[in-house]
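Below is one structure. I have some questions about it.
Each chain carries a letter (A, B, C and D) given by its place in the written order, and its residues are counted from 1.
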Amino acid sequence: MHKNEKIGYDRREFLKGGTAIAGATAAGVLLPAGIARAQQAKLKIGMMLPATGTFAPLGLAITNGFKLAVAERGGKLGGREIEYFTVDDESNPAKAPENVNKLVQRDKVDVVIGTVHSGVVMGMAKVLRESGTLWINPNGGAGAMTGAMCSPNFFRTSFSNWQTTYALGKVLKAKGHKNAVFITWKYAGGEEMMQGFKEGFEKEGGKLTKELYLPFPQVEFQALLTEIASIRPDAVVAFFAGGGQVKFLKDYQAAGLKGKIPLYGSGFLTEDLEASGDAAEGVETTLHYGDGLDTKKNNAFRLAYAKAFKLQPDVYAVQGYDAGQLLAAGLDAVKGNVGNKSAMIKAMESAKIDSPRGPWTLSKSHNPVQDMYLRKVVGKENKVQGVAWKALADPALGCKA
Amino acid sequence: MDFAFFLIQLLNGLQYGLLLFLVASGLTLVFGIMGIINLAHGSFYMVGAYLAWSLSSLTGSLTAAILLAIPLTVILGMGLERLLFRHLYQRDHLYQVLLTYGLILVFEELRSLIWGDDVHGVAVPALLNASIPLTDNLSYPVYRLAISGVCLLLAAGLYFLIQKTRLGMMIRAGASNREMVQSLGIDIKLIYTLVFALGIALAAFAGMINAPLSSVFPNMGSQVLIICFVVVVIGGIGSVKGAMAASLMIGLAETFGQVLVPEVAGMIVYVLMAVVLVWRPEGLFGRG
Amino acid sequence: MSEMQQVPGTGMPILSTKGLTKQFGGLVAVSDVSLDLYVGEVHVVIGPNGAGKSTLTNLLSGDLPPTSGEVIFEGRDIAGCSSDHISRLGIGRSYQKTNIFLPFTVFENCRLAAQSRTPHALRVFNRARAYTGINRQAEEAMAAAGLTHRAERIAATLSHGEQRQLEIAMCLATQPRILLLDEPLAGMGPHESQRMVELIKGLTQDHAIMLIEHDMDAVFALAHRLTVMVNGEVLESGTPEAVRSSPAVQLAYLGGEELLHD
Amino acid sequence: MNSRLTNILPFLVAGLLALFPLVESTFYMQLLTKVLIMAIFAMSLDLLVGYTGLVSFGHAAYFGLAGYAIALMAPKYETISLWWSLPAAIGVCALFALITGTLVLRTRGIYFIMVTLAFSQMLFFIFHDTKIGGGSDGIYLYAKPSMNFGDVQLLNLEKLENFYWLVLVLTVAVYLLLHRVLGSTFGRALLGIKVNEHRMRALGFPVFRYQLASFTLSGALAGMAGYLAAAQYGFVNPEILSWHQSGAVLMMVILGGMGTLYGSVIGAFAFVLLQEVLSNQAWFGPSAKHWQLAMGIFIMLVALYLPQGLAGLSQRFGRKPVAEAADE
């Protein structure tokens, strides 16, 4: 595996090979004495997350989740104290390479954790593939990260966009829906989710009658809702996030479609039940997590999180928490010696993460292989109805690893 | 698309247009009368929406929230005019762009500090919380109709204010000749303060009344800003009539664009704007 | 045509208008104006405020397009041509309200004006100051307008009279054959006025000049031909003597003995 | 300021900057590379705003277009020759500027500001909504452009120092080019148009053609900056032609001081570094999260109290006004 990759995991191998990337400063760390010192030194973790703008709350949830995982290990990972470096990525892809460079080159972090926005993830991928820095992505679902761009140092603890809708095909089939309409924003994330649903649904013999797109990030859904009414599909599948999700649910209800044409979606559609009010009631979604998942691990996690941060955790907090767990698994295996990257990656690859969402493992492209739950909004809660797809793995198209 | 749905889409387009008018009207006034290019107009829209949310969760009524918030925004507008904008009337548009760009950042951060970064829903007033069935599976929310009504009233009110009242006469005179108005003994400074406060109150009011439909969320201002600029420029700067015509035009173009040519829906309004300006560089109702 | 023989610079008019009309909405600012300009002749247009004199100038210079009518320059109708095009044909103008480049030096104002005549104006790599032809032209224009001693002053710091002179100098630097001068004496003191009159006189030989002026001393000192406009229309046109003695003019405009006993 | 000093100062500064990789050759050198690229971008806009009197609020269109041009021209996983790809990208931008210029130059003032915005938004949506350039996820450039002469590699741009030096050389070249252009009869005419467009027309200048030439040149130089920006990080996303980007470069021009080329360079430095400093959590702790507040206030203060920008500070000590500053 990863044979063809140019990027080495072991820095000593690196130097022997005479590869140019390692700079003069890095060389000092690589001497035997340097390694000893490095184990003493604090582990440098770079958090590249949105601190401003629409996605700021997601950034916060991820940070909290990550820190909870660290706190559960006595504030240390692999026996090492931690020093955090943070960069606000502003959810601006144009600045992404530069921002991640701050962590990699300026702060010389051992691990990068980030981020929410898919476009920013794409920008990070470019830089981190070249630098070979260990990267754990706790959210952004861009398929390419664990697809065409995949790399041994890339890990994701969240989902690929494809995963969040693929299982819906089976769900719709089981409900007897023969055709459906997919509605989302015209942007890469939306299109990937549409693709995932289409594949899953067509495999079950269903027909995706129409793909409806709204220019990003507009929230005037009226025209498309009218179009849906005139098409009269058996079901509607939607993906919207941020300000869009709440408005979509409300407009769907106000247009009188709710109750007439059943609404499904990737779980993000119903992640803000407080603001959505009763417009979300009864909507069924698939996601790798549900607040009400009644397992020991989840209950313990929710309690600890609420205690520590005076907030209810959400799926983003879980993903951040698991990023901490995954990193811990790697560091434990090498006893905190991040220099031994190949061993660390090996350990992370084979880790079985005991997550609040249920146990999961990594695919060979380093994306979670996880259960997708079918959830239904009841009251203010995403009630888990069952597992829609057991151990769903992203097809990782284009990953040559 | 059968004929009934065509009619419904027409209605959708017109109502979306009216909604746009609500936000754009304040912008065009400040633009046209004071010659101020206000990029922060969208921020006032956002402030209005957040005020509606926070005050309505405090009082439990959107109507009460709006009644409380309007004076607040008027005061905000007057204060900002005195403190900041007054210094820029004689200067190039460039500095107005600069100042108001800075203002966007400041408002966005203050919003984050005061209200946080979460998305919030605002309840539709119970009285208007119903839908009118249009077809067997589609109905129209009464609240949308109510907003359209408010927009029309507002348009009529603005028209009356500017064309028929003494204040409107002074405003019009002030827009065309500052010195003349001053020589007539009218306090032009006061007029500008009033117009600016009116413009801001209109933007904020649009945010408030639209909050139940759009929900409130960070950066909601910049989403609406650009499209409103397009409205104002197509309609002709300073023309309330033009803003109305352009709003409806854009409402229809976007509505039918999304349904008929979804591939290029995102650029349709900008193409429209470019075409209009190449044909009539001063906008549809602009003074040439 | 009989009148034509009486004035100097006879022959074909270099510029003539036929039925020139300009309407602003319902208001007719210039109505059916026909007049001729000859090289070697100063054609003065007088009339009360709002008579349409400046609008007429704007129609000739291309600042405004006429509603109807013709402007014949060397046998071609140039009505509605853009102002830069008309300027390049050799029709220069000065403005009633001083219209110069305030932040630039006097020299640079004139140099820019002269530069407008260079055939390869879009050159981006030459050095502006290295163009001796242009510089000479600018210096000549400054000299003609009596501004040489002010060459390096910023235009904004000049006195009002000097700014008016600069206005003319810029016009001259474009080496026009026709000069349209819109109230060049406005706001000038007697001394400055006198100099300006001399200046215009000196230009008469090689140029066709249309002059709009209120200062009657200057008008009669310069005019070879006089046109009186009232309410956008030509009331009377002819030699100064003929116009002066026209009863209609006396009644409508001149109305005073001051003119008669001059 | 003594004029001989002004003449050699740019070279002095450039010389000092050329030595920077000896001090630090990783993060801060790359940051400086970005600053220089933004300086080229800002200078290109200054040609329009400061010297032609046209306030464009859509200049990112040309910047981004060139970025997409190189990313789309480059063969996947292989390097692209700088010799033809840079001129080609610049050419694409010049052509686009020529076409859009003929349309937008029909308008003035606020309308001009808004139509330039409209064209850049159009481009934004073309790249955001279609698959041409990878949609909203953006597109990668896998390797830096190559500078080969025959089979000989003249300069390996994968080495970051080399790329930095290339950008520095191009920045100086653009500065000198614009300095020369602005001192030419063409440049004088542009200034004249900025000061008094109406009078220029009356003097016989085909104002439109001058403005169009300036607009095209400006678009082409913005394209050069965009090409370099795309090459630097190898990643292009629709966000690079968003109106925020257009706004940011306008801020740089005004912040530095319009109508002074060196002001644009100062503005680019100040803007990028200020952002860097204010958002640095190591220095400001948790309040760095709200760095945009400080940035916003700073921008407003400049608008109110420093209309001549940072370059205006030096003018207060006896520098000549714009018209003469263009003199040599």
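Points to keep in mind about this one:
Quick note on the criterion: a residue touches a chain if its C-beta (ideal position, glycine included) is under 8 Å from a C-beta of that chain, and two chains touch if they have at least 3 such contacts.
These figures come from a predicted structure and were not determined experimentally.
Farthest chain from chain D, judged by C-alpha centroids: C. Interface comparison, A-B against A-D: more C-beta pairs in contact at A-B.
With centres taken as mean Cα positions, chain D sits 36 Å from chain A.
Averaged C-alpha coordinates give centres for chain A and chain C that are 75 Å from one another. With each centre defined as the average position of its C-alpha atoms, the distance from chain B to chain D rounds to 33 Å. Annotation for chain D: residues 125, 128-129, 290, 292 touch two or more other chains. In chain A, the positions touching at least two other chains are 52, 186, 213, 215-216.
In chain B, the residues that touch at least two other chains are 108-109, 112, 265-266. Across the whole structure, chains are in contact as follows: A-B, A-D, B-D, C-D. Chain contact summary for the complex, chain B toward chain D: residues 31, 37, 39, 84, 87-88, 91-99, 101-106, 108-110, 112-113, 226, 229-230, 232-233, 237, 263-267, 270-271, 273-274, 277-278, 281-283. Against chain D, in their complex, chain C makes its touches with residues 61, 63, 82-85, 87-88, 93, 95, 99-105, 108, 111-113, 115-118, 121-129, 131, 134, 154, 170, 174. Note for the complex: chain D touches chain A at residues 25-28, 30-31, 34, 125, 128-129, 134-138, 140, 159, 232-235, 237-240, 242, 244-245, 279, 281-282, 288-292. By the touch criterion given at the top, residues 180-181, 183-189, 191-192, 195-196, 198-207, 209-210, 213, 217, 321-324, 327-328 of chain D touch chain C in their complex.
Partner chain A is touched in their complex by these residues of chain B: 1-2, 5, 8-9, 12-13, 15-16, 19, 108-109, 112, 116-121, 123, 131, 133-141, 143-144, 212-220, 223, 254-256, 258-259, 262, 265-266.
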